[in-house]
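Here subunit A shows up in two complexes: once beside subunit B, once beside subunit C.
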Partner chain A sequence: MGTCPKQTGAGLTSSTLLLLLVAITVTGFFLGRRRAVALAGAGGGIRSLHSLPGHYGLFAAIWAGIPAVLMIFLWQSLESSVVTDLVIRDLPAEIRSLPDARVGLFMNDVKNLVAGNIISDELTPEIRQAADHLERLTLLSGWARTILAAALAGLGLVLAWRLIRPELRARNRVESVVKGFLIACSTIAIFTTVGIVFSVLFESARFFKSVPITEFLFGLEWSPQIAIRADQVGSSGAFGAVPLFAGTMLIALIAMLVAAPIGLMTAVYLAEYAPRQFRSVAKPLLEILAGIPTVVYGFFAALVVAPEIRGLGESLGLSVASESALAAGLVMGIMIIPFVSSLSDDVINAVPQAMRDGALALGATKSETVKQVVFPAALPGIVGGLLLAVSRAIGETMIVVMAAGLAANLTANPLEAVTTVTVQIVTLLVGDQEFDSPKTLAAFALGLILFVFTLALNAIALRVVKKYREQYE
Partner chain B sequence: MNKIGDPGAAGRPISADQAMARVNASLRKRYGAERRFRVYGIASVTVGLAFLALMMISIVGKGYSAFQQTYVDLDIYFDPEVIDPDGLRDQESLMRANYNTLIKDSLLFLFPEASGRRDRRALGALISNSAAFDLQDMVITDPLLIGQTRRVSVLASADADMLNKGKISRTVPESERRVSDQQIAWLETLRDRGRFEKRFNTSFFTHGDSRDPELSGIWGATKGSFYMLLITLALSFPVGIGAAIYLEEFAPKNPVTDFIEININNLAAVPSIVFGLLGLGVFLNFFSMPRSAPMVGGLVLTLMTLPTIIISARASLKSVPPSIREAALGMGASQMQSTFHHVLPLAMPGMLTGTIIGMARALGETAPLLMIGMVAFIVDIPQGLFDPSTALPVQIYLWADAPERAFVERTSAAIMVLLGFLVLMNLSAIILRKRYERRW
Partner chain C sequence: MEANPMTQDIRPEITPEPPAPREAASAAMSEARSAEVPDTTFGVIEHPDPIINCRDVNVFYGDKQAVFDVNLDIGRHQVISMIGPSGCGKSTFLRCLNRMNDTIDIARVTGTIELDGQNIYDPKIDVVPLRARVGMVFQKPNPFPKSIYDNVAYGPRIHGLAKDKVELDEIVRTSLERAGLLGEVKDRLDQPGTGLSGGQQQRLCIARAIAVSPDVILMDEPCSALDPIATAKIEDLIDELRENYTICIVTHSMQQAARVSQRTAYFHLGYLVEVGETDKIFTNPTHKLTEDYITGRFG
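This part shows the complex of A and B:
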């Protein structure tokens, strides 16, 4: 992985090679099947086979294809680093004795020369020589890969050919390979989590080396500029994330103030009151809201809602920032409505009909039944759903990137501009920065907080919902 | 209401008549509350629907005009003195010639009063920069044009286009708009002489991004999105279904599988931007894959959609009744055979529906792509999985940030195209579900 096919100029390209392997594998299938049938024909007919002929074919195909494909992936992932090491080892001693970073720069020049790009330094004979060396090695590696893959595939085929006998338990072998594949698929979820934790944790740890964690969590000032010159104005960056947390909470609060009542009442109305025809039209229409990409909401918030709110505020004599928290929160709330309503719909429908009937039989009106019987019974589920909605509001990115501000104001006034955790992650990481500056690392620390916080919210919410579900089942 | 039958306030029992009287007295209030509650419900549904309608109307209203583009008919004299003063007529000199002069000359012929340098520049700004290249192409394919006068329809600049579409308000003071009074007068003259023409905007669907709004298009971003979805589909469909089959049909109940399930449920709720951080940390920095490549975007989106696909695939496997499995096992099939030959085909429509919905989500996703460098300004159309590219939603984000007035309508038009794709995908999921869904 990591090298694009254009760069491996030697031997067959990756795609051709893979195509060739597919061809060998398919051939393997037919050869294996023929072999099994032929062997069976010689000794007692097809009934003497342990498995179906197709299983023998698959058995041969697996031997021909899988080792070779695994080898190619391994080769691909190691190739560039091994080749680079080999070139470095043969460099003249005076270059090898340079510090690592300088050697890295030198190798970059060499690689650029090979790729035909402009190099940063003047063209010394050393670079030229190393580039030739690199080119030779890449060529060699390409051919070696092709030949090795073809040889492995052929060898696998021969081995399978020799192994196939009527009494070979081909089905069991094939099935255990398939099962291995299935297990591997299901463990990807674990690897994803591990990948997230590691990528976020490592960089955060580096960040906390330069900025103490207490300052990050409790500092009241956020201005992540890092000076280019030491005497620059405002040269020391401040990494106190409290204004970001406050801004995130403010926008999430506004969103929930919109989404919770509207979503809940929508669910109640559609579940308890609406005629069936109305329900069958309104429900899918509302679900469209959930399917609209968030970038569209962001565009709408920035271009339509924010100016409207600003105009409205000005006509009332209020000063409203053009990137007010209110606009972003409002639109985010609308986005979350279908989320809240469909989750509440589920829990409201899970309340047994007998409880409603009981209340109605005692003379309660419909709304009294809902308020005093259905709501209390569904409360844990609704709370769980709302928690999930909060976690979504906190992690939402595009609406706030487009409609909320960049300046980290510590304020509770929804008419002012605030910034959020996700907005800062995006602004810190989009564009070209050096990767080691605290500025970029801060984004990972923010990501860590976001991940941990949403994870905790989700865990609590899922637990609440689950506990409640068990009550009525 | 639940005071009925209670002892009275003073502790004395009350008669049935008294109780009835109390109930009747409170009825008006209770019915009022009932009506109000109902109105709240209707109001909530209306708010949601009204917002949806408002959003759609404002996007279509802003965006529909982008599907047409203004062209100006100009009488171009292909002046040999300008194109090829040496009379060589070879490729190189035809390539090098200054075709802008031809356009300016033609405009000056129409408006001889524009004499100063500033006036000339203002006049030239009415026509798109690409017009010169169009003329160049014409001359190169047919050198006999040189010396003739032809009526050529050239692309107007974005400002002229905006004015023609009525999107620049003339009431705004001159200093605050991009088009001067003089330019407006010229454009009105052109329009009155019937030189303006609105045509279907094909370049919007065939071009990549551009700094000039009138030249920018969504083809590059669409292709980038297509490549990404291709990778996402090719990886997440087999892997998601494999995982679902294992967890639903084979996995023993033990702490490891419990852990996997918890992981999947949690990943489904992790904010998408965190997946972007994963892509940046693991794919770009650790595996040093190229920035802005659809390959990396596809991998990130795969990891993001996998939980959704696994969860829906498991649900559809669960809905296949156990009798099917038992029948297959009873006939002597192995567990693997019963799964792949009998359970999987029956569960497939549900799995496909879930996958399409996951793909639709992946198509609309923006935040993780920002993290892996897909926000770059890329003019070229990507030709492969490793070429730098953007994606449709990212293009929308980029244009939404652009200051030019003309990009607003293009942003809205791009949103309409994106929503069109999403509607198509969701419709096919619904049709699939309607047609093949079985209830046992």
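This part shows the complex of A and C:
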């Protein structure tokens, strides 16, 4: 988190430099193309070239642009630390012998001075001197970067110019660069995921140093309070996550009890019985349900459904908490209906018409065909879709935050308030807290559990769906 | 209705191919041997002991007409084959015989098709018992993703043909035996039907169809997805099944039609051009189109 020194006149600014490089690259394209055409004109026309003239142009543009851009990125990422190191090396010995943290503070002051900000300490000659040094180095670095980049671009252009011959396989070279670029893009997403997994993993490991993993996984009490002073009431927090798992499962179960039958019946109707016009209207409408933001479902659950259920419960003589698992689960179920129905509809449609014909030709009625042939044939795919819906329900946050409450009750009663893993992650990280207290780190541990669980569900679901696909192909 | 060859009225809207050059044809023959679709079917459409009588059958898919005025009797305990180039309406016509075209929204059938004197397109008729009487075997084997036993038992179960497990076992056993499959599968009746080879699957589908003891079995190119050995087995089977069932088979193989059927109907562009004893059709066809087709001049 380096405070970057202000670049007052240090060479060209990054954006100007990039513009310059773009200009050189575009020039490179036209030069390369013209060179190829000229070479071809000398010996037998365009067809004597291995590739199209445009490929030679791109070849030259790549040579002009890519090395320079790579160099700039490298420079940018190293500049700050290299310059700081150089300044530190030239500090007076008594400052260098201070502990690292103090040196860091000193350097921060130096950087602030250069940037024209207020510094924390009084302005000593050492700071002034170091600041001058830093400013000089930064200026130098800026110019060096500009000149180096321009030189690299020019050199690349000259090299490409000399490489271009009719027999040069420009197309193959260009295509391999494009392929490399595609690979780089696709790895970004993968590396981001891997990065997230590792950060969650390491933070969880820190959490498990202060709270044993067995206590976390099997403890029955959840009250993630860490006292600031040792003599405070309730100074020891309890990190047993079982009530959270139970609450999550309870709400997901209620949601699936709503979504699975309604979604499946919808899918069967849409896929097997509905006239085409009805289907073409109903399916997009259902998918709009999936497009409603979950926060809207959330306040619908909290402000409409929960009081409704409470009133209903009271009229039956039941005591219902104002925030109940039932309200959250019901609304979450509504939310994932389109998910279930859309996936199941696809799966049912994928059952070959030959299956239906086979049953109908034996004199089966439409409903016998659906029940005994189409549905069993689609079942593996439907199960896969349901598992995906479960993982969606487990990961859902907004509805439960608003409608299920925060109390970590270990209960199977849907009329009581429960809390879920996702809700606790939210409450642990909302507000001010230290980033190394078990309270905060617990969020990472919960996130890890959630991640492992949904990953496993998705993996099973995808396998099931794939196996089903193979059956008919 | 007399099936006189009369071709003076040439349909203006259908001019499929330019008439093929004729080598040696007498002046008298030349009219009868026109390469246009005839107004009335050539040959003998009647049969002394018919199980199905089709009269003026037209089939439309939306605005497009696929089958035109077909008149045909199908004889009891006989094999009748329907041949013709692709898109000639033979499969469409076959699917009319057990109202499988009902499953296609835009399909519409006019005319009468009588099964033992009862019009199957009568609004009072329920398709479920009809299809139990007129079974069907499809081009691609389509066993259900169930066990071999359950595949065959499916029909008897939905129609309640067996009082108990013993009777059901017996039906399954005899059906598989008649389909010539029992020997190959009797030790693995609980295995999935989809695990069998293509030819075995098709015989399983035949066993499934005969398990409900239909009167008529419709076969829509039952061997087109099979190799010659499996095809030979199915053909032998068809020949044996003729004793107890009436079989209508659509095929692209003229050799197959010649081998398995007693009567042959030749379709062209939605018209039934000629029908007659198989021997007659293949040795001495009356109509020019039939001759061109069976001699491989087109198709």
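Rule of thumb we're sticking to: the second predicted complex is superposed on the first by the 356 of 473 C-alpha atoms of A that agree within 3 Å, B and C clash if a C-alpha of one lies under 4 Å from a C-alpha of the other, contacts with A are read in each partner's own complex, and residues count from 1 in each chain.
As a convention for this text, a residue touches a chain if its C-beta (ideal position, glycine included) is under 8 Å from a C-beta of that chain, and two chains touch if they have at least 3 such contacts.
All figures in this text were calculated on a predicted structure; none of them were measured in a lab.
**Student:** With the two structures laid over each other on chain A, which partner does A:Gly395 touch: subunit B (first), subunit C (second), both, or neither?
**Tutor:** first
**Student:** Report for A:Arg276: first if it touches subunit B alone, second if subunit C alone, otherwise both or neither.
**Tutor:** A:Arg276 sits against subunit C, while subunit B stays out of touch.
**Student:** Where does A:Ala101 make contact in the superposed view: on subunit B (first), on subunit C (second), on both, or on neither?
**Tutor:** Touch status of A:Ala101: no partner.
**Student:** A:Pro293 in the overlay: touching subunit B, subunit C, both, or neither? Say first, second, both or neither.
**Tutor:** In the superposition, A:Pro293 contacts subunit B only.
**Student:** Looking at the overlay, does A:Ala93 come into contact with subunit B only (first), subunit C only (second), both, or neither?
**Tutor:** A:Ala93 contacts neither subunit B nor subunit C.
**Student:** Touch check for A:Ala364: first (subunit B), second (subunit C), both, or neither?
**Tutor:** Once the two structures are laid over each other on A, A:Ala364 reaches both partners.
**Student:** Mind telling me which of the two, subunit B or subunit C, contacts the most residues of subunit A?
**Tutor:** B
**Student:** Where does A:Met355 make contact in the superposed view: on subunit B (first), on subunit C (second), on both, or on neither?
**Tutor:** Second partner only.
**Student:** Please indicate which partner A:Leu316 is in contact with in the superposed arrangement: first for subunit B, second for subunit C, both, or neither.
**Tutor:** Once the two structures are laid over each other on A, A:Leu316 reaches no partner at all.
**Student:** Output the subunit A positions appearing in both contact lists, the one against subunit B and the one against subunit C.
**Tutor:** Dual-contact residues (subunit A): 363-365, 368.
**Student:** Give the list of subunit A residues in touch with subunit B in this complex.
**Tutor:** Touching subunit B from subunit A are residues 1-2, 4-6, 77, 171, 175, 178-179, 181-190, 192-193, 195-196, 198-200, 202-203, 261-266, 268-270, 273-274, 282, 285-286, 288-289, 291-300, 302-304, 334, 337-338, 341, 363-368, 370-371, 388, 391-392, 394-398, 401-402, 422, 425-426, 429-430, 435, 443-444, 447, 450-451, 454-455, 458-459, 462.
**Student:** Would you pull the subunit A residues touching subunit C in the complex into a rising list?
**Tutor:** 276, 352, 354-365, 368, 372-373, 376-377, 471
**Student:** For the complex, which residues does subunit C have touching subunit A?
**Tutor:** 98, 100, 103, 105, 127-132, 135-136, 138, 140, 142-146, 154-155, 158-159, 194, 205, 208-209, 212
**Student:** If you look only at subunit B, which of its residues touch subunit A in the complex?
**Tutor:** Residues 1, 4, 23, 30-31, 33-34, 37-38, 40-45, 47-49, 51-52, 54-55, 58-59, 62, 238-243, 245-247, 250-251, 257, 259-260, 263-267, 269-275, 277-278, 280-282, 285-290, 293, 303, 306-307, 310, 334, 336, 360, 363-367, 370-371, 375, 386, 393-394, 396-397, 400-401, 408, 411-412, 415, 418-419, 422, 426 of subunit B touch subunit A in their complex.
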